[in-house]
Amino acid sequence: MHNIPNQDRARVLVQALPYIQKYAGKTIVVKYGGNAMISNELKDAVMNDIVILQLIGINVVLVHGGGPEINDMLKKIGKESKFVNGLRVTDKETIDVVQMVLAGKVNKTLVQLLEQHSGKAIGLCGLDGRMIMAEKKAAAEDLGFVGEITEINTGVIENATKNGYVPIISTVAGGYNGAVYNINADLAAARIAAELKAAKLILMTDIRGLLQDKDDEETLIPVVNVSEVPSLKREGIISGGMIPKIDCCVEAVRRGVKRAHIIDGRIPHSILIEMFSDEGIGTMFY
Amino acid sequence: MHNIPNQDRARVLVQALPYIQKYAGKTIVVKYGGNAMISNELKDAVMNDIVILQLIGINVVLVHGGGPEINDMLKKIGKESKFVNGLRVTDKETIDVVQMVLAGKVNKTLVQLLEQHSGKAIGLCGLDGRMIMAEKKAAAEDLGFVGEITEINTGVIENATKNGYVPIISTVAGGYNGAVYNINADLAAARIAAELKAAKLILMTDIRGLLQDKDDEETLIPVVNVSEVPSLKREGIISGGMIPKIDCCVEAVRRGVKRAHIIDGRIPHSILIEMFSDEGIGTMFY
Amino acid sequence: MHNIPNQDRARVLVQALPYIQKYAGKTIVVKYGGNAMISNELKDAVMNDIVILQLIGINVVLVHGGGPEINDMLKKIGKESKFVNGLRVTDKETIDVVQMVLAGKVNKTLVQLLEQHSGKAIGLCGLDGRMIMAEKKAAAEDLGFVGEITEINTGVIENATKNGYVPIISTVAGGYNGAVYNINADLAAARIAAELKAAKLILMTDIRGLLQDKDDEETLIPVVNVSEVPSLKREGIISGGMIPKIDCCVEAVRRGVKRAHIIDGRIPHSILIEMFSDEGIGTMFY
Amino acid sequence: MHNIPNQDRARVLVQALPYIQKYAGKTIVVKYGGNAMISNELKDAVMNDIVILQLIGINVVLVHGGGPEINDMLKKIGKESKFVNGLRVTDKETIDVVQMVLAGKVNKTLVQLLEQHSGKAIGLCGLDGRMIMAEKKAAAEDLGFVGEITEINTGVIENATKNGYVPIISTVAGGYNGAVYNINADLAAARIAAELKAAKLILMTDIRGLLQDKDDEETLIPVVNVSEVPSLKREGIISGGMIPKIDCCVEAVRRGVKRAHIIDGRIPHSILIEMFSDEGIGTMFY
Amino acid sequence: MHNIPNQDRARVLVQALPYIQKYAGKTIVVKYGGNAMISNELKDAVMNDIVILQLIGINVVLVHGGGPEINDMLKKIGKESKFVNGLRVTDKETIDVVQMVLAGKVNKTLVQLLEQHSGKAIGLCGLDGRMIMAEKKAAAEDLGFVGEITEINTGVIENATKNGYVPIISTVAGGYNGAVYNINADLAAARIAAELKAAKLILMTDIRGLLQDKDDEETLIPVVNVSEVPSLKREGIISGGMIPKIDCCVEAVRRGVKRAHIIDGRIPHSILIEMFSDEGIGTMFY
Amino acid sequence: MHNIPNQDRARVLVQALPYIQKYAGKTIVVKYGGNAMISNELKDAVMNDIVILQLIGINVVLVHGGGPEINDMLKKIGKESKFVNGLRVTDKETIDVVQMVLAGKVNKTLVQLLEQHSGKAIGLCGLDGRMIMAEKKAAAEDLGFVGEITEINTGVIENATKNGYVPIISTVAGGYNGAVYNINADLAAARIAAELKAAKLILMTDIRGLLQDKDDEETLIPVVNVSEVPSLKREGIISGGMIPKIDCCVEAVRRGVKRAHIIDGRIPHSILIEMFSDEGIGTMFY
């Protein structure tokens, strides 16, 4: 890499031009998670990608999860979790930990990290400015404080981007009764993207994208029209953990986001590569 | 109270007029803590006070501590604290808990509470927009991540107030090296008030104010010129836990805040009473 | 009154909150007249009410009459008035006196009075910025310079409120031919309220409101839907001097003003009481 | 005049160009009075002059007196005036008449007249927005409500010009005690011009200007440096009724107005002639 | 002319008032050409007219041709032109000369001339900001770089007028392929006028206007409704060189320009005379 | 080049970040000339460089010469030039050609070229908005219309950049007497850069930069403090054609431009390389 001569560097910039022109002034919502939030090298690359996008006039909104940190903290206080259909039964003590870890630890640590990469950031959660309002998720078995989004208010997000700050968002939501609910971060990102009329939703995952044969990374499906999703599910190509991710993409596109992407966060600079090349990376839903 | 006839209610409003005129468009920094942050009735009264001030055009900035919640959490994870001269020795595990509890739990819970009283709020900490930058506090014995403020950046605070949100602030600070430091909340409030050129700093405490005879609440000293503080210390009238509180008031006034107040947070609506009466409440430093 | 303790005062302010929130940024047109414009104590109370409303962000527009002062002046110059159906036959000399007394004496004296209560005011009449344009009122018998409104231009009013001044308005109107016309002040207030899309029109009178039994003030009808007015007239409940007042309320509501009120100007602070209590005061038309 | 061919008309416009360029965006204060306020033909010419100035981007502020109308009204109510050193002893009844006639009759009638010439106007007096504040004039003999200017607040004037209205101003002033004072209109015009940093003060009079020989209009002195005024007084060239007029000019220039003019209001379009020719008209003080 | 007394001059200004009021803030597109662009006296008069219009708040956009200068230059380089149906066959060498002469010589010389008359000007051509886009004109015989307008972008024109500059425009246009095309200046003026929603298009010519009898200047037809044009052509009243001029007027009116004028540029100040008199000058199409 | 993998491309962008941050919102004046204005490949590279700079928020102002095109045209019309001390004796016919070729041909052709690379451009010369005012250059022998800059007015330049257009500037200047002068383009660029308080002046030349040994390109002097220039001249290191170029750099720095560069326009993307690398390219004067 360090051998790239200056002229080739200049050409790389020139070749990035049409992509910059395409997205300047637009909003991109990135759901951050997985390995890209664990490895230090990947974290640095993500922060650099965000700073460069912000600098060339693209509004980046970063939505994050934090499952591993929540688990660590629950373990630390000796709390055991019960799961129903893959959803954590969230009692009062658990939701307190979720709020504390996401909005207090993961979120503000990301804020500081972006600032160390000379970005400007502000850490928000769904409670700030009533950004994410929710009600208790209906379920066969009582899941406790697991919520379903009822309303998105983008005021605090837009104040941040308008003033040059990258909003970094934890997805705990407020209830009308004063309760706090845990919310699926992918879905929150999709809903926020829709409300902001974002040009793109990017979900960072630990897989290549949607694969024709899930065991062969060479069989990546680069582009999917959301109308094809039901048949892809029937054929079993969309299955398992991919289902909720892809449902988020479909939800975002249905609500007006131009393009939703599932990209491989394990590849350094995957966001920039997605934004600044024709072939992109991962799978795009439109 | 409910017997107050409508005409007397109108007169109360009319009599509040000169105070409203005096502070409209100005900024007031309130350091929130003590009993006023514990009793539900007092919490409601504080929230109502803030909402009414905001509504009549006064910018309120709320800075909070959270010692009791930090202690609870440390106890929960079985961490014992060592104290040196009243300052907690703060190792990495402890500062993580401090950040998490203050910025994730106490802060966001206050945001939600103010919104339930129909205010608009945003929860911030010293890491957001590099609001409070600090370096390790010099001390005879190593105190760990206890910091000393080096820089206040009010960008995110001013964006909030300009857009009609009450900024609620946790006082964890960022270090230039990426460390996080615990910061004395009273002092942070004083410094923020100075940087915002606030008209008032109000410290909510669990005492009446400065007393001539500390055992007799009837001996309240209502007004103190900051130049009298040294002799009041020599006479022992300012002593014990009052010293750091009053030093904060002096610091704020020295840096340009017009008036700094120590008020009794145990009295409901003490903020409004302080703002909207000639005699005020507690002790005023100027 | 002076015995109300500070805490109760604070509670009164807190209880005013929802009303302030409801009307902040809205426009209220008050037709000022009757005893409230004669008694010094009542005048002070009205001025205080207006200043407090303006301060909390409500745009107040004050429209006034001035019958008694006109009569005094006419008597002083030895001019006798002839009346037809309760309307003064207004010859050239009379309209000159009307203009002079309303726009020169009553109006500017009110401006000064509001300013002495630390309000900001500007005195306008229908001639300023062609605010009220009129033509000769058609009538069986020639009434002289009695006019009918043909056009309302709110430019000068809006410049005043936008710059923080309470516009105080005399209702003499200009004709397209350069004549000046006397205009019914209640009706002018209703038309101005409609043109400004005011949230409220308040007519200050010397009665309680609309009474079921006009001799029993305990029989106040607090709320009337404008569609009920015709039947209330048929039943004789709306009769005599109430008819034109209530017709103004109906006119205002028909033209889009949310609520029109007939309140008792003899009660001090009747405007504030109307605005800041659920039960209100007087009769509301909607 | 009507024989001027179109091409010559075009040339007249072209020749006005440098004068328009010189004053565009500037403020001109005109003290209106004398014959120019009596003859209908002259009144029309003044109104046309003002409208054209406003249209080409010059802010005109019109200050008027109204002695004859005040005298008529006082006579009408059978009030006799006593004079001391040429100043009317102004009791309460008299000041009421002064306020009423100036602010209610003369002022608003001028507003309507300008609007009939398709100008936009707003009628103000010294009470509006506390524009002219005064205190009782010290004098050997008690003059009653004759005032001396203590303060000029140009807020309402500037709001008017900024919004395209010509402010027309009566010079009754408010006292700090709620009294109303009669004020010399020439002096008020000079002080307002100074406060507005006007480019010109124009006093319309019934004389040619300052004459070397007061009985020979051919001896007009076209330009006077204010430093020459004392010697011109000693020589008796400035004498009699000219003294206060010229003192106003000196006052205006001393307080920063670039040029003050005494022009002959009996000549139609004297304002335009003054503004749009090199030689000007009347006497200029600088 | 120089004998016009000052008062008559003032009256001329006053009589211009209604015309100024009518066009203030509006846009006028003037196609400049013919004798008015040759005689120094006429050039001065045109420049003065433009400056005065700009000064009183009318946005003037000047579009010019330059046939004679192009011919001179072609002759100088020994290039002979071939004409087909009155259109010059424009090879690469010729279009280079056209661009150079129009945009480099005629245009910038006009800019300097207007500035010498104390106007503010900026010289533009159809290439600036892609103002005039064109494609090759379809024709029986190949005309080379003669273009047909496909698109008008008024960005650079509006930036100029918004900032107080008169845009002076050469009508060379850009092709999508990088070619440059020569464009008929009358037609370009019409299209620009339409795109700017101009109040007037004025074509300066060397004839009186449309004449009933083309050999008798006394038979001028002052006003034509564009719907009458076809029958006027059939009758032979519109014929010869008048046809394309009048087609431009029709095109402009059809596309929304209020009025289009053919005026006689040989008369000094013909633009001002057209704008500032009821009878106007030349022939008006509406 | 096309083998650079996407990740390396992303890294190139990330590494450009600090340079983008450094110059965002700043102004860069580029003097364009030499081979970079002849070779099509180099022209494309320059246009791309400018578009990318503009897009990331850097205001680029392009100043160009055009000696070869002027010579071609003069030859075409059979005009021979006489030179005195390397300066062309510029008679009226010659200055006409200079103006025509620079402002009409070279300038507008560059405008079109930049637009074909999807930039936004506007072509200006020193006559537009009186941008460059000059007087006849004093010289032993009469040089004709060779001018010396007396005044720079940046109004039209700033309107262009503010509205997102790259101003492209020909350096013909206007005289106060209406004459047009030819101006040295390097010097004009230096003066414009100074007036705009540009962050950088870049002179594109056909040499590497300042060389220790002018015959050995390996002896490039990368950085020169302007105070060293006199001694470098004495030593003969700065000599010949370098003298005026370097004098321009010195002039720019002396007048407040932070940095002036002599770069090698023969290297593709030399502007980007200079801006986006630490080592830069060519010689920097500060």
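A, B, C, D, E and F are the chain letters, set down in written order, and residue numbers restart from 1 in every chain.
The definition used in the following text is that a contact is a pair of C-beta atoms (placed from the backbone, for glycine too) under 8 Å apart; a residue touches a chain by one contact, two chains touch by 3 or more.
Predicted, not measured: the structure shown is a model, and the values here were computed from it.
**Student:** Identify the chains in contact with subunit A as well as subunit D, in label order.
**Tutor:** none
**Student:** Indicate the whole-number Å distance between the mean C-alpha point of subunit D and the mean C-alpha point of subunit F.
**Tutor:** The mean C-alpha positions of subunit D and subunit F differ by 58 Å.
**Student:** Counting in whole Å, what is the centre-to-centre distance of subunit A and subunit B, each centre being its mean C-alpha position?
**Tutor:** One centre to the other, that is 35 Å.
**Student:** Can you pull out the residues of subunit A that are in contact with at least two other chains?
**Tutor:** none
**Student:** Which category does the touching pattern between chains fall into here: line, ring, star, complete, or other?
**Tutor:** ring
**Student:** Moving around the ring in the sense set by going from subunit E to subunit F, list every chain once.
**Tutor:** E, F, A, B, C, D
**Student:** Once bound in the complex, which stretches of subunit A touch subunit F?
**Tutor:** 1, 4, 6-18, 20-21, 24, 45, 48-49, 51-52, 55-57, 118, 267-269, 272-273, 276-277, 281
**Student:** Can you tell me which positions in subunit C touch subunit D when the two form their complex?
**Tutor:** Within the complex, subunit C touches subunit D at residues 73, 76-77, 96, 99-105, 107-109, 111-113, 115-116, 120-125, 127-130, 155-156, 159-160, 163, 165, 172, 174, 178, 180.
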